[in-house]
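Shared between the two complexes below is chain A, which pairs with chain B and chain C, respectively.
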Partner chain A sequence: MTTHFPIAAFDGVTDLFRTAGESMPVLHSFLVILAIVLPLTSALSLAVSGKLSDTAVKICAGIGFVAPGLISLWLAAVYMASDLGGQYAFTYLADMGLGKFGIYLYLGLNGIALPFYVLAGLVGLAAGLYAIQSKVERLRLFLILLLVMQGGLMGVFSSIDILFFYFFHEFALISTFVLIALWGRTGRKTVALEVTIYLTLGAMVTLAGLIALYVTTGAMDFGFNMITIRELMVHAPLQKTIFGLLLIGFGILVSLFPFHTWAPRAYATAPAPAAMLHAGVLKKFGLYGLIQIAYPILDLGIGHWAPLIMWLALCNLLIIGLVTIAQRDLKTMLGNASVMHMGYAFLGLYAYSSLGIGAAIMMLFAHGLSVSLLFLLADVIEKRTGNLDMREIGGIGSKTPVLMGLFCAAMLASIGLPGFANFWGEVGIFVSIFGSPSPWVLYPALLGIVISAIYGLRAVACIFFGEEKGELAGGDITSSEKLPAILLLVALFVVGLWPRSISDPVNESVENTFANKAPAISAQVAEFKMTE
Partner chain B sequence: METELLQQIAASNRWGLLLPEILLGCSAVLLLFVDLFLPRLRSQLSRIAIAVQLLALVLISFGVGCACGSEISGGLFGGLISHSAESDWMRIFFLFCSIFVTHIGGVFLKKQNLAQVEFFHLVLVVTATFMVLVQSNHFVTLFVALETITVGFYVMVAYKRDSRHSLEAGLKYLIMGALSSGMLLFGIALLYGSASNPALPGTAMNPLNFDQLGQFIGTSDELFNNSTNFMVLIGAVLVLSGIAFKIGVVPFQIWVPDVYQGAPTPVTAFLAVSSKAAGFFLLYLMLNGPFADLEAVTVPMLTVVAILTLLFGNLAALGQRNVKRVMGMSGVAHAGILLMGLLASLKVDWAFGAVLFYLVTYALASFGVFEVMAHVAGKADADQDLDDFDDLLKRQPYLGGVLLVSLGSLAGIPPLAGFMAKLLVFIAAFQAGLYWVLGVALVGVVLSIYYYFGWMRAAVMRNPFLQEEGVRAIATPSLGARFLMGLLVAATLLFGFYQGLFTF
Partner chain C sequence: MDLGTVLSIILLAPLVSAGLIWLFARQRAVLAMALSLAAAGIILCFSLYILLGGWNGEPYEVTAEWLRLGGLSLSIGFLLNNLSALMLFVVSFVGFWIHLFSVGYMNDDSARGRFFGGLSIFMFSMLGIVLADNLFMLFIFWELVGFSSYMLIGHYLNDEAAQASKKAFITNRVGDFGFLVGIIMVYWTFGTVSLTELDHILEHDKSAVTAIMGLLLFCGVVGKSAQMPLHVWLPDAMAGPTPISALIHAATMVAAGVYFLGRTFLLFTPDALVIISWVGVVTAACAAIWAFGQRDIKKILAYSTLSQLGYMVAGFGMGSLYGLHAHGDSHSALLYGVGASMFHLTTHAFFKALLFLGSGSVIHACHHEQDIFKMGGLYKKMPLTTIAFAAGVLAIAGIPFLSAFFSKDAILYVAMKENYGAFIILSITAILTATYMGRLFFIAFLGKPNSESAEHAHESPWTIVVPLLVLAVFSLLGGYLWMYPKPLQPIIEGWVPHAHGADHTTMIVISLVASVGGLAFAFFFYGRGSATDRLEKIAPPVYGIAKSKFFFDEAYGYYIRKVQDRFAELMAFFDTLLISGILVRGAAGVAGLFGIIARRLHTGSVASYVWWFFAGLILFGAFAGGFLDGLLR
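This part shows the complex of A and B:
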């Protein structure tokens, strides 16, 4: 099914992209590699070259951030214009010496991977642009680490091979640890170590699950990648164990309820670009893994764990929601809010229909954009006021109208106001819950919206309205800070007004993947396409 | 009859096949004469030693002394020595290791102003013996080789005679070494006694030969089953314990921290890599050779040992601040993972390849760390703690970078080689059904993050509580040292992405 662009005049553009994709398949596979290699190359060249002027460093890093962003957008356009039916495209396969074990460097994109890939490209671009003009100490090392992280992120979401999927994730994770340890706020050493150990634990549990999957499916002979593994069988009792391992492992990495304690402190401590990349993109690794790996082949395990997923997701929404309300520190509040929103995504997975999963992906995409925007703006506020305690900031709105506008828009988007991408994700998830075995979950889930409205609007009110408190240095948001913020906001808007840009490829791939597995598969699919 | 036998044995004396070892041994003696008669060359001794090792490496890689094409039944030298592809692989491995040990030794000895020639002499002799050891096919060869190595290490561990730590380490290693040799010998004697007992079925003509002993243990009749014979079992357990001492697995790890700390850095590296690798290869030889039919006893025993080793190594390393002790305790943890791989290799045929790959990545990373340690250390070699590495990345970016990559590889962080090696061993362990060991190993990896990252953190950040004058200046490494460290780092990176050089 080809995506129809909303206006007929765009047909010409569609044709252009389709022709480009069809006539140069090798080039497009090459672009996928390039998106990983370019950031790493510029990181490496920054690391090994001797003295460079500041401008040269910034240009070199800029290339590493801009290229993956542009490539991700281009590939998304080509993918949507081409008639691929949700299959993998732009594939690239290379034997790295483990071919005998069915492990290859296997890259490519399908409809599920595409939103995450674009998200990584966009947030990476925004974080990069913001980092380049931030005046941190040892800027060069800072940019090198961010570039490594960016390369890893592009790799995570374009890997078809499961081992390399894991491999790239660790790649990006390590830089996060160093970024927190070196440029974090107070208490960074403790937080860095805590996050490192907690997330390594999550990664190890995940690894155990993946190894179990690898051995029990006999993927050694067929290839351990997301395509072939769907054809393979796992015995029912083992499915439960493996799904449990993956759920807990990935759950730790996504901050599922009892394993979330690392997240708020880490995000509050991390420097803004690292928080943007981690909360916005890297954290999605866990849910993406569940959707692409655990759900398609462990369908018997899902039934066993579904009630638990539901309860934990509700805990995420309500308990962490209330915790979020209680926060005074803006960044800690945002960190908690991002943990809370993962509850919606898990509820979408709990519904286990193509609508639920599709909406969860939409929600993750939108959340990634909005949370990274919020972290960026929170950092700008911190720079202006020298403070993040909401009791000590106040009334800066009259002096910083643009910052206020952006922050309000971002907050409203994250609450789920119609017109922003988050809305479609949340609506889709609510509708899918209604079709799930326990529709009553809808009511507590709706309460989540109220909770996020409370803390969101209160934050806006505290910071920008009321009596003026504290000192304001530096005036309104500068144009170089505005650029990445507007980039993210525009993306949120575009998807909010035209959700089919995400939902069509997602739908195709999800239906493809779960063709004969998910029960209530196409009941509400129509609702998800109700735009235009 | 007698003459015929002797002729047969003489025909199997293929000296040419041991040419690399002979070359090393002779050069070790020559080195002493060079020092005596050509004092001008004294400063070049480490280079000469490295050149000799490279020559031996060339000899092996061109097929001189290789197993290729030499099909002699019953082994060489009347069954004392046997060649296999694996043992050739290990010989090359030991040569590589000794090249790095020699280089670290050169750096270290110059800094400490110690006598040079004896050290290089001992390294060459011990390396030659390591290479003989992995080819042994007879308990006599095994014991003599092992004793030669241990005696060499007695001297090397106590090499820094003006240091209390070094002398203490030497004494501890001597006592523990004697104990382990005693256990090994006792085990061999018991095996000899039972295998030559005419009352038991399948009495062996030459009971200390690995093949014949293996045959004997595998024999049973309606009265006796040799593989459950009490004396045989005790003998086997004692022999394995003697080897376990060399590897340093629980409960034979007690000597590790003190000896690793007190021994001069190059010797610590030698112990940590070559000695451990040799122990593992012996274990592999034993478990697949003479003790193959004792699986019912050895496998559960070693499984428990592996679990304890993994737990102990990681937990004990948590509280250490002295980096040499960290390396010692984390080395114990690595031994646990290797032991797990070795156990898996009894059931999964490609797993031994994974163990060898792990050994290589472990060696690359360890030598990286020890090279940096040799450059960072001051006069007091045994007292290096985390503060000595404070802010290393800024003070000496090259050394700091090498240290970070090497520690990362030891911790098993992608994209470094250590991660791939761990992953392969884990997969093998899962396939072999060693779920408990695997679970503990995964917990161990999480624990290991703490101490490796603590070290990395020290190297990356400045400790504000450290006084400025407490920080010693570190000399920039020479070009050759930088080249060798670059090689280590490059190999660590390369093997993280590409494992095609290894056959599994």
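This part shows the complex of A and C:
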């Protein structure tokens, strides 16, 4: 199947991107590196230079945020225009002195990585634009840490090499801890400590799993990366252990139930740009890792752990869904809601079909955009009302119509209204569950759409409708706050109206990756099912 | 012009209008009105072009892939057949006049940009439902009408609007829960969700259809068309502006459920149809009773809408059963249900839109007074509105040879043939309908004014009156074949079941007795322009029963406050205490404890280290010797 823009008028544009990609392959590989290096360079130059004017600091940081955003969009356009069939493109390989261990700096993008890469670029851009104009103390250090985070994020999702994939993640994660500890809300020290210990633990378990994988597959001789590892074999008993380690390790990082308690508190405490980057992008590391590393090679392990994944995912959806309903603090509620939505993604993985996995990827992409938009708007609301307790905010809608419109749109997007990107992922996951070995799971899973409507609309009604409570500092959302919000909203809209922009590369890559895993059933509906 | 292009223009015109309003006309009320009205005009013109010659009446389908993931392919497409053409006519025709009405009615509103943008979004979503050629696309627009309804109910941003809009959306989501399961079940059973392909499969072999599948799909209808027990949102939705109540909560959106039933009628087994019929019958009867307990003109009309929707659903169920029983398991016999319900949907769209717009005209004139006992004597002040409203009342009461007489009779007729109990309940409901509509009309329009605002009422401007008069004509004559464009006539001519011979006479007698009797009773019992409710005065318990609405709202309120919220809080407590507190913090505590113990053991005294060394040695020996196997196993 080929990828095409659906409208003929775009053919010229498609050709332009394809020609650019084909005629300058080296340049495009360098763009991938540039997207990582530029934010880090910005951070470094801010760190080492002496006294700088505010404007200079902002411009320097701005470059570090804008460049990866633009690069990610450009690469996505080129990728979609060239018929790559979901294969890796823009690859770059460099020996960093670890070649004899099979470890290289190996970068590139395939259809699975692409949505996450674009997500990192877009959310990074939005968070950066929002951070630049935020009036925090020690703005320069704040921006430096965010830039480091951004560099790490671009690296995570463009790494083919598994060690570097892990390494970039740590880069971004450590900045998050510092951001929470220094610029968080009340109780930041405790929360930062808890998050640090918890997530480091998750990362250690993941590392243990990855090392086990490295050792058992003999990747030292072939290269420890996402491409070659798919050709390698892991023996059955070890598969269970390794998959278990990866599931729990990655699970902690994605806030899989019952390893989720760090998430709502961390997001409620973190400064908005950090929450946007972490909840929106960095958290997806865990599920991305499962899809790119664990799922393609550990199919026996999946069979063993699938029932547990299903139950935990349902707990994520239902228990955390109810917990979300009970929240009164807006940011805590959003944090819980984001934990809840991870349940959908795990259910997509549980269904273990190209539909389920593809839909989970789409859902993660959309969720990243919508949750970061919500955290941004929640922060604006906090600035205006000086409060995040939804019982004490009220009736600000008539004073702030634009803020209300944006918040409503973001909330409706996150509860899966058609027209926004989130809908496609959710509906795909629901369809895939019914094709899984236990279709009954669809019933409890669909309760999620009612639960999310309840907390989402309650929040909107509390904050914007009814009688005004308390004073409003400043008026409607300003245009500099609006810019990043609109950016995210437009992305949600574009994918909502034109889902193939994301789904085609995802689908091709997923089918490539899992096609040879497919037993005979696949011929029927071009899908593979769980082998019993 | 290519039919696909015309349909695309019809669908996209309101979307473009909404987009333009959002971008440029949020603060420019007049521009927003113009854009929205222009979109409605374009829709009406192109619909009429299709109906008056642009289309040959053959089913027309065009489709394009929208998303492909694994084996799932979602497409977007149009399916134009007689049924969707009828619905297209209703939506575009009624929609246009309500747009015009809104221009007059909303002239002093401060957020007209938002209102007219929302109206356009609604038209877009509703037309999507009408034209959708597959179930997933239908579901998408189904959700979108829910969203536009949410947005427009909440228009006034006050507490009432906040509660009502939230309630409407969430109640609909409850229905959509079953709806989506049903659609997914259809997808995995038949491998397709395309309506045409489903038709082809089901014409030859209906063995794969199960009752549960139909009932799950019906859940969506229960939510959207406000059937019991999910009817609670519709009366509250009256918190929105009156044109919205007319367009969304009377004429089109709430009827979408009935339209959906007609679009997928082959997916319902006889068992499912029996349950569907009874849901409709019970809704029709209960809502008619509740209407007597209301004083708010819009609330009375809302309960009347519930009741009429119940008629439609019952008509679908029993009409289909009648078709099955009378003519065997043939494809066309099943159309009786579709015909009966869709015919009533059409006439109802005319007269209920008229009644709501009439009430809007009254509310507008009385400075937002909505209590009928504070009106009275309006016929002198607002003659045109009164005439139009009277036409609506006569129509809904079912006076012979007016529109609803024909459509309601078709439903009563199939009920008589199919289930005598249901027939009696529906006949009594018909009497009740005439009575509560008479109560509304005689109290609000006749007699003397009962309040300042009613005394100062005056006839509304032409933008309000013209739509009233147009709809009045259709309410009176909407039962006749020649009122409809040619492609729609087969439905009314062939699909609607007609009574013959003795049955025909019986039906006329029943209608006559129910309508005239009900109106006359209301006239003499409630009196003209009275300021108090006579039923409340002479029989408080009876009035109380009607007013109680059988405690559905209280029950749901209790459930939400005492069960759902309590349970949610319990879960939050469990989450904080058990998982976060004991497991996570506890784990940290245990690690700390080990640290303390380990520190204690490092006493620094050589003697104690020697003791520990020996203890370890013994333990190791025991382990190596296999003495500990029993313990460790």
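As a convention for this text, the second predicted complex is superposed on the first by the 515 of 532 C-alpha atoms of A that agree within 3 Å, B and C clash if a C-alpha of one lies under 4 Å from a C-alpha of the other, contacts with A are read in each partner's own complex, and residues count from 1 in each chain.
By definition in this document, a contact is a pair of C-beta atoms (placed from the backbone, for glycine too) under 8 Å apart; a residue touches a chain by one contact, two chains touch by 3 or more.
Computed from a prediction, not measured in an experiment: that's the story for all the values here.
Taken together in the superposed arrangement on chain A, chain B and chain C fit without clashing. In the superposition on chain A, A:197 makes contact with both chain B and chain C. In the superposed pair of complexes, A:319 makes contact with chain C only, with no contact to chain B.
The wider contact with chain A, measured as residues touched, comes from C rather than the other of chain B and chain C. Contacts of A:78 after superposition on the shared chain: neither chain B nor chain C is touched. Legend: residue contacts after superposition of the two complexes on their common chain; A:446 is shown touching chain C, with no touch to chain B. Residue contacts after overlaying the shared chain place A:409 against neither chain B nor chain C.
In the superposition on chain A, A:279 makes contact with neither chain B nor chain C. Once the two complexes are overlaid on the shared chain, A:353 sits against chain C while remaining clear of chain B. Contacts of A:205 after superposition on the shared chain: chain B is touched, whereas chain C is not. In the superposed model, A:454 lies in contact with chain C only, and not with chain B. Superposition on chain A leaves chain B and chain C with their closest Cα atoms 5 Å from each other. In the superposition on chain A, the residues of chain A contacting both chain B and chain C are 197.
Within the complex, the chain C residues that touch chain A are 26, 64-72, 74, 111, 114, 136, 139-141, 143-144, 147, 150-151, 154, 157-159, 161-163, 165-166, 169-170, 173-174, 176-177, 180-181, 184-185, 187-188, 191, 564-565, 567-569, 571-572, 574-576, 579-580, 583-584, 588. Across the complex, chain A meets chain C through its residues 1, 6, 194, 197-198, 258, 260-262, 319-320, 322-323, 325-327, 353-359, 362, 395, 397-398, 401, 408, 412, 417-419, 423-424, 427-428, 430-432, 434-435, 439, 442-443, 446-447, 449-450, 453-454, 457-458, 460-461, 464-467, 499-500, 503-504, 506-507, 510-511, 525-527.
Only residues 95-98, 100-101, 163, 166-168, 170-171, 174, 177-178, 181-182, 189, 192-193, 196-197, 200-201, 204-205, 207-208, 211-212, 214-215 of chain A touch chain B when the two sit together in their complex.
The touching residues of chain B, counted against chain A in their complex, run 350, 408, 413-415, 419, 423-424, 426-427, 430-431, 438-439, 442-443, 445-446, 449-450, 453-454, 457, 460-461, 497-502, 504.
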